[in-house]
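Let me give you the structure first, and then I'll get to my questions.
Chain lettering (A, B, C and D) follows the sequence in which the chains are written, and residue indices restart at 1 in each chain.
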Amino acid sequence: MTLSVDVEATFTARGADPFTTAAAFEVKRGETAVVLGPSGSGKSLLLETVAGFHSHDGSVALDGTDLTPKAPENRRFGFVFQNYMLFPNMTVAENVRYGDRYHETTGDAAELLAELGISDLADRYPSTLSGGEKQRVALARSLYVRPDVLLLDEPLSALDVPTQTRLRQDMLDVLDGVTAVYVTHDRTTARTLADRILVMNEGRIVQRGTPDAVFDRPTSQFVAQFTGSNCVPLDTDDLRSAVDGSGNAEYLAVRPENVRLDNGSGDVTARVERVVREDAVFRVTLAVSDHRIDAYTTDPPAPGSSVGVSFEESASTLL
Amino acid sequence: MTLSVDVEATFTARGADPFTTAAAFEVKRGETAVVLGPSGSGKSLLLETVAGFHSHDGSVALDGTDLTPKAPENRRFGFVFQNYMLFPNMTVAENVRYGDRYHETTGDAAELLAELGISDLADRYPSTLSGGEKQRVALARSLYVRPDVLLLDEPLSALDVPTQTRLRQDMLDVLDGVTAVYVTHDRTTARTLADRILVMNEGRIVQRGTPDAVFDRPTSQFVAQFTGSNCVPLDTDDLRSAVDGSGNAEYLAVRPENVRLDNGSGDVTARVERVVREDAVFRVTLAVSDHRIDAYTTDPPAPGSSVGVSFEESASTLL
Amino acid sequence: NEGVFGVTIAVLGSVLLLAVGLPLAMFVARQRPSLILERALDPDVHRMLYLSVYAPLLAALVSVIFGVPLALALSRGFPGRTLVASLVDLPLVVPHSAAGIIVLFGFGRGGAFPQLTVLGTVTGMVLAMVFVSAPYAVNSAREAFEAVDDRLEYASRIHGASRFETFRRVTGPLAVRGIVTGGVLAWARSVSEFGAVAIVAYSVRFFYPPAGREVTSQHAPVFIRKAYLTGGLDQSGAVTFLLLLVSTAVFLIIR
Amino acid sequence: NEGVFGVTIAVLGSVLLLAVGLPLAMFVARQRPSLILERALDPDVHRMLYLSVYAPLLAALVSVIFGVPLALALSRGFPGRTLVASLVDLPLVVPHSAAGIIVLFGFGRGGAFPQLTVLGTVTGMVLAMVFVSAPYAVNSAREAFEAVDDRLEYASRIHGASRFETFRRVTGPLAVRGIVTGGVLAWARSVSEFGAVAIVAYSVRFFYPPAGREVTSQHAPVFIRKAYLTGGLDQSGAVTFLLLLVSTAVFLIIR
């Protein structure tokens, strides 16, 4: 099942300006495409358009069959919502089996609940569940109908951090072998789950590629910043001469983990402004001229000291 | 200004069971105490009680002066809310200067806006601002009244990840020298900002100490899991004999960054189940007997391979 | 300052409470039980109560049966929706006796259906009641439909249910409280209506099962005014008291 | 199946739309402009319109001035709040003429204030209108107050404002739309009221500024019924049409 999407849709929220989203992409059988973008970038609208909830120009096709004229119920998709959208008037088991009477072949509800670790919830009502439990039920409901394509709209973002981390891991098993489009604003989730990433901003796809390509080689300032790279203006001579031979670039994009610190030597000299412990490493904030550069290191220098900073050419990008 | 809190408050949400929160702690002048706990653990209720919004038993005192009988407006506190709570009928400047007529000494509104990088927003209305901008305005409004104590209720959690990261950094400057109680469910935020952490669960403080103490030496399974440690049941002989000489412990708590991987040797042997790229490092999920252990490494082994795993005694805790 | 504000609020609020509560209290206090009992046993009063429960029930049923589809359409939106919504709300601001005149122009002699007799009939009474009470049924159902998250309907459809199935299994069940409330409100409004009914159907001939034949009576609010004009305040007070017992029962159902 | 559902909804919804829209359309179509003009120039009609705007305005003012504090107290909660809220809602389900009887028992002869004359006075008319329309003013203001996030008030108070200051600068301004809507609703309800006014103040003596002296007239709904009884459908239709112009103006203000 290859999903081909080439759509343009306009949406007007109550009392807001009309907003247009447009995208053309393909998702190959069994692959997970992650649409990564800030809130308001149109990624949810895009996903809902693919599902058939909004009228649009262009087409949505599966293995060459045009789905555009089909109503959502005839597209054989699954959809997982940010706020779960479980039917409050049905038990967990009834929610999961909701698509039963509309599909000839379905999954095994008990097995799905067991795989997602929620077998004991079958007779409960959604209002009695935690967020993580609700989202597992919503996943089971979508998988139950054996969808051709699974669409997921920020399924983790309403959850607290430990629950997010756990479900993100389990999501890898769920998405294994499933053709999926996954929308998120969280770059960690995108990097973990994606076979391909589509970075979206202001209703347009601004970069696409494998996770490593997008994270390590951003093609614009926006993508660099949104994926967590430093994006340093090359407006001082020492910085420019250190990294940019041609002299045409305006910015240096470099990921914090690719910034090398050493004592005294290096491309430029920086002052250590701040050292903050994150989970596995230290985030060091450096001042180079007037600019801030973040670096990850396991061996942090003392705040206030001077360090040499070098940017490996292979791990940094000129924009 | 030392804030002393020793309160017990009961709160009944519409249609829910009554919920009691109780805590006794001190925050020394200029220090930031972070209350860290999952949603529903009572940390917001605790903060609102300290602010004087709810009746309670016990007392809230500042430098020995009991504030308990005082109304919120007479406590000289600042409060920053998760959802900003800017006055929609006032401009940014009017919001910031809201406390003007009730305080003899105030900050300089223009200076505060400049420091928070939002000088150009002064004449805008809140509805036209982004989340990050709104929260900066809310911060300025609270700092403007020069509060004796600044209370912050999940100020970052409604923001998207890049905005969160940026504001978390700026928050360090804001909180420098300010006596503050900061409530969050995010352990990265807690570790970044806290002088002392109070871990809260089910309306009670379950552990307190410096960030390193709380993160590296959890005293309970709950704290271990919530702060991101592996918490491995010692129910197999090889695991137990490897780490627990006395034989009394039930769990081994060890942070993913303290799990050492090497080829062949080590305390126990594990299979590599999954390798996921996170920002600076790789998260490796290991299977040891029936248990999952996460490890952070910059040099990940191949999925499916066997590795030796060792737990340094100095960096792991027996529970 | 704090106390002053609280006291001011309490005092001002109490004035309105008195304007509503005092007459109710005085009304109850000044009733004579013997007179109430006498009226409670009067067959004329029974006929009036029968008519005053039965006709509003018909009106509420009509309002719900035809109002729920309209509410569903309004909640989803269609071209001209604002106009239709305004038309539905219009009876709320039409003076009550004007509503009666309007119904007579529409369905009375020279109106849309020449075969129809509305003057002094149950049909006319129900039409007048539907005119004034349908907005309650429509608006309550509409709010209930609008309170159902669009994405719950999306979730239903993407997993295979058609529009109708989605309504039957998700939207309908979730809105059923609002629909019932709307029906009860429409009923209560019909029971209350004096102006429109007094114009269209002051006295009504209808089949009264306990007597096994047609009888003539009035809708309760009309009956009360008649009792006041012919029997004075005490007589009408006793009937009002009986009717209030019924109203209070309605009221408890609504809450 | 899809289409069938949509068509069914449209058909059923249209029936109700006809029940409301058809009489309105027929009513407008069947008016005679000459008769309307004649009535529009009649000084009797002018007096009636003056009274029918002025007395409801007084009633709405009373409902808002005393209803807003009550709404504020209700939105905050106090012991007995449920009871008070029920009392405030009670007039909504009291049949209209029963409301008149109740007001007479409370404030008429033998009532709470022996010096007060309500029968046939503007005072009585306004008291009857307040009784039936105050719930709208209170509930609309209450909903507006409840829609203001508690934590906005917290934000105001923690930064130094007292309860009163918080009300003046935050809660009040944010609720002002709901308060005004409540006042307009109360006014519209008072303009509509027939039953209670017909009982308490069928004909009213009041000071009429254009004439510079006291005159006698009726509240519009009463005037319409009188015109119907004495002049027939055409006469009352012309007056109704004039009144509907006023009602529609009110209606446009509300929306």
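We take it that a contact is a pair of C-beta atoms (placed from the backbone, for glycine too) under 8 Å apart; a residue touches a chain by one contact, two chains touch by 3 or more.
Quantities reported herein were computed from a predicted structural model and do not represent experimental measurements.
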{"item": "Where chain C and chain D overlap in contact partners, by chain label", "value": "none"}
{"item": "Separation of mean Cα positions, chain D and chain B [Å, integer]", "value": "53"}
{"item": "Computed distance of Cα centres, chain D from chain A, in Å", "value": "55"}
{"item": "Per-residue overlap in chain C, given as positions that touch at least 2 other chains", "value": "2, 162"}
{"item": "Where chain A touches two or more other chains, by residue", "value": "71"}
{"item": "Chain contact topology (line, ring, star, complete or other)", "value": "ring"}
{"item": "Touch list for chain D against partner chain B, complex", "value": "149, 151-152, 154-162, 165, 169-170, 173-174"}
{"item": "Residues of chain B that touch chain D when the two form their complex", "value": "48, 51-53, 71-73, 75, 77-79, 81, 83, 85-89, 98-99, 101-103, 138, 141-142, 145, 151"}
{"item": "Contact set on chain B toward chain A in their complex", "value": "38-39, 131, 160-162, 165, 169, 172, 185-188, 191-192, 211-212, 225-226, 228, 256-257, 274, 276-281, 285, 296, 298"}
{"item": "Chain C residues touching chain D - in the complex, by the definition given at the top", "value": "1-2, 4-6, 8-13, 15-17, 19-27, 30, 62-63, 65-70, 72-73, 84, 86-98, 100-108, 110-112, 127, 130-131, 134, 138, 162-164, 167, 188, 191-195, 198-199, 220-222, 224-225, 228, 233, 236-237, 240, 243-244, 247-248, 250-251, 254-255"}
